[in-house]
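You will see two complexes here that share chain A, one where it goes with chain B and one where it goes with chain C.
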Partner chain A sequence: MNLGLIAPELWLGLLGLGLLLVEMITGSESKRVVGWIGAAGLALALVPSWGLLGQPARLMFGGAYAVDAFAAFFKIVAAVSGILVLLAAMAFFRDRPAEHEGEVYVLIVFMVLGLVAMAAAADLILLFLAIEFVSLISYVLAGSLKADAKSSEAGVKYFFFGAVASATMLYGFSYLYGAGGSTNLYQLGPRLAGLPTPFLVVAAVLVLAGLGFKTSLVPFHQWTPDVYEGAPTPVTALLSVGSKAAAFAALLRVLYVALPPGAWVSVLAVLAAVTMSVGNLLALSQQNIKRMLAYSSIAHAGYMMIGVVALAASPTPMGSGVTAVLYYLLAYVFTNTGAFGVVIAAERLLGSDAIPDYAGFGRRAPLAAFAMTVFMLSLTGIPPTALFWGKLSLFGAALQSGLGWLAVVGILNSALSLYYYLGVVRVMYVQVPADTAPASEGLLTRALLVAAAGATLVLGIYPEPFVRLVQHASLLLRV
Partner chain B sequence: MITLGHYLVLSALVFGLGLYAALSRRNAVAMLMGIELMLNAANINLVAFNKYAAPGAMQGQIFALIVITLAACEAAVGLALILAAYRRFETTYVDDLHLMRW
Partner chain C sequence: MTGVLSVVLWLPVAGALILLGIPRDRIRALRSTALAVALLELAATIWAGAAVDLARTGTLQLVERVPWIPSIGISYHLGADGVSLPLVALTALLVVLCIVYSWRIETRVKDYMILLLLLETGLVGVFLALDLFLFYVFWEVSLVPMYFLIGIWGGAHRGYAAMKFFLYTLAGSLAMLLGILVVYLHASPRTFDLVDLIARRPLAHDLPLAVLAFWGFFLGFAVKVPLFPFHTWLPDAYAEAPTAGSVLLAGVLSKLGAYGFIRIVLPLLPDAFRQLAGLVAVLAVIGAVYGALVALAQTDLKRMIAYSSIGHLGYVMLGVAAAAAAGGSGALADAATKALAGATLQMLAHGIITGALFLIAGVLADGQARTGNLAEFGGLWARVPVFAAAAFVAMLASLGLPGLMGFVAEFLIFLGAYQVFPVLTVLALVGVVLTVVYFLWAIYRLFFGPLNQRWAALPDLDGRERWVLAPLCGLMVIVGMYPGPLVAVINATVANILGLVR
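Here is the complex of A and B:
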């Protein structure tokens, strides 16, 4: 067995354990050291992950673990979002004494390990383990500000919604196992193909309860606004990009490899349309920026689901639906983490999450306000930003697969979302503030915002190399 | 003669009761018990399927053992979160945790 093929996982595991020790010996004043080591370690994990992109696809550990470009791509996505979130967390904890600052950094690193495993699991047992690993860490992270009542409430709510969802998913897994006689996704595929469709639809819906919960797909989305608002903001950022990306990876692998398309395409197409519309309609009236971004995150799950169903409906081997989802996820990581970075800066400078309090932010903190404008434009899907290409390829894939109505719903929803995304920009630049004193974001936040906004613009202006990357990653999905 | 069908009916009943408890009870500890029932319903399925549908390999039994362990971890994390919330709110009724709405 070639251990080089699981080098990123081994490194992440060692890094997390090492950080636990470092966390124990650092004083409460210098917990940021843990965060810096974690970020540097995650950056190092990018090297072997990048190397794995070129490896031929294969299964390891008796078929339980996939090593392919698809998994390697998600290792990179997980590590990048981990780095950005660690930087955001360090900015968040600056001059905010918290009891468990060091533990939060360590748990973020472990969460990256879980996300990596989720994207590569090729066996129901390992997939369930990985999802639970990620879930348990996210429950704890959401409730980690024990002095903050909202954080405790978010932790409890997230736990109950999540535990019910994963128990339901497990029940679905048990039926897949019973029907296919194996827990291996690649063995299940051919064995499930001939089974009666009603049974497969029920099993797919049970499985979707768990994975749909993680991606905040309607009707499993109710936890999203409360948890996003209550959880510490960097944790919210991690849930919105990391968990969502890994859940989409797991969803794609399970649906594409194990379940025949007849069982889920029509269900998911309807859910995609409902998810976009519910997310956007409920986002319209939000006054709290974290709640607004929560509903926006629901809407984006809906957009991405278009790519998932386009993949099945399109018989071409190009898999343009998957390519679109992967590109969208990559762009979404930078855009959404950046947006939450601005939220963290605003929390520190304005002491508020309310959108009306952002009045005059454009004059007081020009860099953060400009970055926020870029992120909001990207979330709407306006060129020259990253998610414009993401949306374009998603809608293109839908048209190619004969799902024109879904593309129309998506375009209408994007137009609708313009209202509330640009509402934030309008408040920042147009409305007159009560206080006009300039405010400094701090060096770390600036670096984070410049990196995220820069990546959002680069992906928007020069997308070719990234498109090649995601095409390479999506082609090897079948092993 | 006990067949696979008997086990499936039993597990469906246990799952339904667990889901009902998790959704209808407002006491956090009772909801946790409902979730445990749901996980155990899946365990019954896994072990029964292992015996009747896939007798060659042990995957179902291994899966069930792993789920039992995970259920313990989940209960530990859940109780810790409930306890943390109890210290702030002095209640274990989830309806009373309503700082955030719509």
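Here is the complex of A and C:
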């Protein structure tokens, strides 16, 4: 067995264990060391992941684990979001003594390992274990501010919703296993091909309960606003980009490999339309920025579902649903983590999560306000920002596969979303502040924001190399 | 001379970057640098005009084409012809004048000037782009600075007006994006290149799909023009924007929509446009009459000019629709050329005239009078003769007095459109008559009758305001008296564009 093919996983596991030791021996004043080592270690993990992009696709461990460009792409996405979130967490914990600061850093690294496994799992059992691994860490991270009632509430709420979702998904897996006689996705594919449509729809919907919970798909989204609001902000950022990305990876693999296309496609199309619309409509009236971003995250899950249902797999990036989703996820990692980075800066500077309190932010913290403008425009999908490309490819994929109505729903929703995204910009720049004293974001936050905003703009202005990357990564292993 | 257009396109951004490095409290330096950049941009535009090969008037020239995102078929493709280059020159001129006029802006000068220059690049980019994708990017990019200009420096209801402006236009442009995607997905090989697409015309054999794509483009452009009934954002945005914002909104942004119809829809989807030209013409005429009627009822000068714009752009769209309806038939070729040339000239005329009118309204509203309410004025003729003279010229030009720029354009439009849509053209003339009425009435209310003693000390135009209004009024007279050369260039270009249709 070639251990080089699972080098990123091995390295991440070692890194996490090593960090546990480091965490034990560092004093409570210098926990940031753990965060820095974690970020550097995740950056190192990018090297073998990048190398795996070019490897021929194959299965390992008796067919349970896939090594293909698709999985390698998600290793990169998970590691990058891990790095950004670690930076955000270090900024978050500055001047904010917390009992479990070090553990948070360690758990974020372990979470990345779980996300990597989710994207590569080719067996229902391994997939379930990976999802549970990620879920358990998420519950702990969401409730990690033990002194804060809202954080504890978020952790408990997330746990209860998550437990039900996992159980439902496992029930759905039992359907697939019962009908196909295997837990391997690649063996299930041909065996499920002739089964009656109603059965497949039921199975798909049950499986979707678990993965839809992680991606905040309606009707499995109810936890999102409360958990996003209550969890420590960097953890919220991780849930919104990391978990979402890995869950979409798992969803794509299960749906494309194991389930024959059929009636479930139209069920998912309707869910996508409902998800976008519910997320955007509920976001309109939010006054708390984290709740607003929670509903926005629901809406974006809906947009990405367009790509999942657009099954037409033509080689051009503008026609394939998979490439569109991958590009969207890559863009979303930078944009949304950046937005939460600004939220962290604002929490420190303004002591508030309320959008009206952002009044005058444009003058008090010009860099953070400018970065936030970039992120908000990107989330709306206005060029030249990253998510504009994502949306363009999603709508293109929808048109290509005869789902024109879904593209129209997406367009209407994008126009609607401008109202609340621009609302933030408007408060920052247009409204007269009560206090105009300049406020400094801090060096670390600045670096994070410049990196995220820079990436958001680069992905928008010169997408060519990234388009090629996702084009390459969308060739997921088919046996 | 390749590269000229890139210079024209990116110079304002370079200027904005320079401004970024100047400390915000050095207001004088900020203003003069911005002015220098804008003047340089105007010079670059003239340089581009000089580089044009007059022997090939009418064709696309100074073309630049570099692959940008080759895996999707997107290139950085620029080019200019007798329709786009005059519009670029108009933009460059108006931005210079706006910066001079905006000397009076005291708050956040740095942000203001940077946004103005970024806006200029966005607008110029739309006119020069020959790739649908590039076109779309500049189209959207121009929204953002305008949003901030209205939202930060606008009037009392600026937040509302800015948001409404952005929401309406974005909804329209997203529909256009769908139209672009439909065209793109049916081209083989797939490309966003406008010239290639027009040559191949991928939807020529699929009329229902072409009509669908047409509606996408239509919504995007109709909101921007704006065509009735998509105009409701306009009065708010025009009236609440700071004066320079109104000038650019009315002078240039409103041209983007009509330009899109001429540059993209007409040659790319001729059959669909021909089929629906009647509808567009009806909406245009409704807009022309409705705009004039509502303008008649306005008491605020800025709002009156805003509604008069809806009317004037109705004429433009009538000309474009007539050209589209006649495009395919040889018998009406001459009518189509006249109508389209008139529409193009009207775009330029409206840009210059309405730009001047908004500056005039701005002098009253931003200056000592602090109001634009027509009912409060009267008898200003003797008090502020220079101001009155400028206002006279601009208003008479706007109502279409022969010898001034507006007349030539409207005359050509009606001459061409009458052969295609006789009834509609006669109805549109009702709008012209009403326009004469409300402008003359506005002149009366402003300048004749007893002098309101509140304005006994109203100062006349200061030096800067004279410098701003003189070039515009001069152009109205010069082009009005001697339209020949400009009309010849435009004629050759629209004949070329219409030649693509046949």
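Just so we're on the same page, the second predicted complex is superposed on the first by the 467 of 479 C-alpha atoms of A that agree within 3 Å, B and C clash if a C-alpha of one lies under 4 Å from a C-alpha of the other, contacts with A are read in each partner's own complex, and residues count from 1 in each chain.
One rule holds for everything that comes next: a residue touches a chain if its C-beta (ideal position, glycine included) is under 8 Å from a C-beta of that chain, and two chains touch if they have at least 3 such contacts.
Just so it is clear, the model here is predicted, and its values are computed rather than measured.
By the touch criterion defined above, A:S174 lies against chain B but remains apart from chain C after alignment on the C-alpha atoms of chain A. When the two complexes are overlaid on their common chain A, residue A:P383 makes contact with chain C while staying clear of chain B. Within the superposed three-chain model, A:H100 lies out of touch with both chain B and chain C [touch as defined at top]. Touch criterion not met for A:K75: it reaches neither chain B nor chain C.
When the shared chain is aligned, chain C comes close enough to touch A:V408, but chain B does not.
Shared interface residues of chain A, touching chain B in one complex and chain C in the other, do not exist. Interface of chain C with chain A (complex): residues 68-72, 136-137, 140-141, 143-144, 147-148, 151-152, 158-159, 162-163, 166-167, 170-171, 174-175, 177-178, 181-182, 184-185, 190. Partner chain B is touched in their complex by these residues of chain A: 124-125, 128-129, 132, 136, 139-140, 143, 146, 149-150, 152-157, 159-160, 163-164, 167-168, 170-171, 173-175, 177-179, 181-183, 225-226, 229-230. Contacts from chain A toward chain C in the complex involve residues 316-319, 377, 380, 382-384, 388, 392, 395-396, 399-400, 407-408, 411-412, 414-415, 418-419, 422, 426, 429-431, 462-464, 467-468, 471. Those residues of chain B whose C-beta lies close enough to touch chain A in the complex are 11, 15, 18-19, 22-23, 28, 31-32, 35, 38-39, 41-42, 45-46, 48-49, 53-54, 57, 59-60, 62-63, 66-67, 70, 73-74, 77-78, 80-82, 84-85, 87-89, 94, 97-100, 102.
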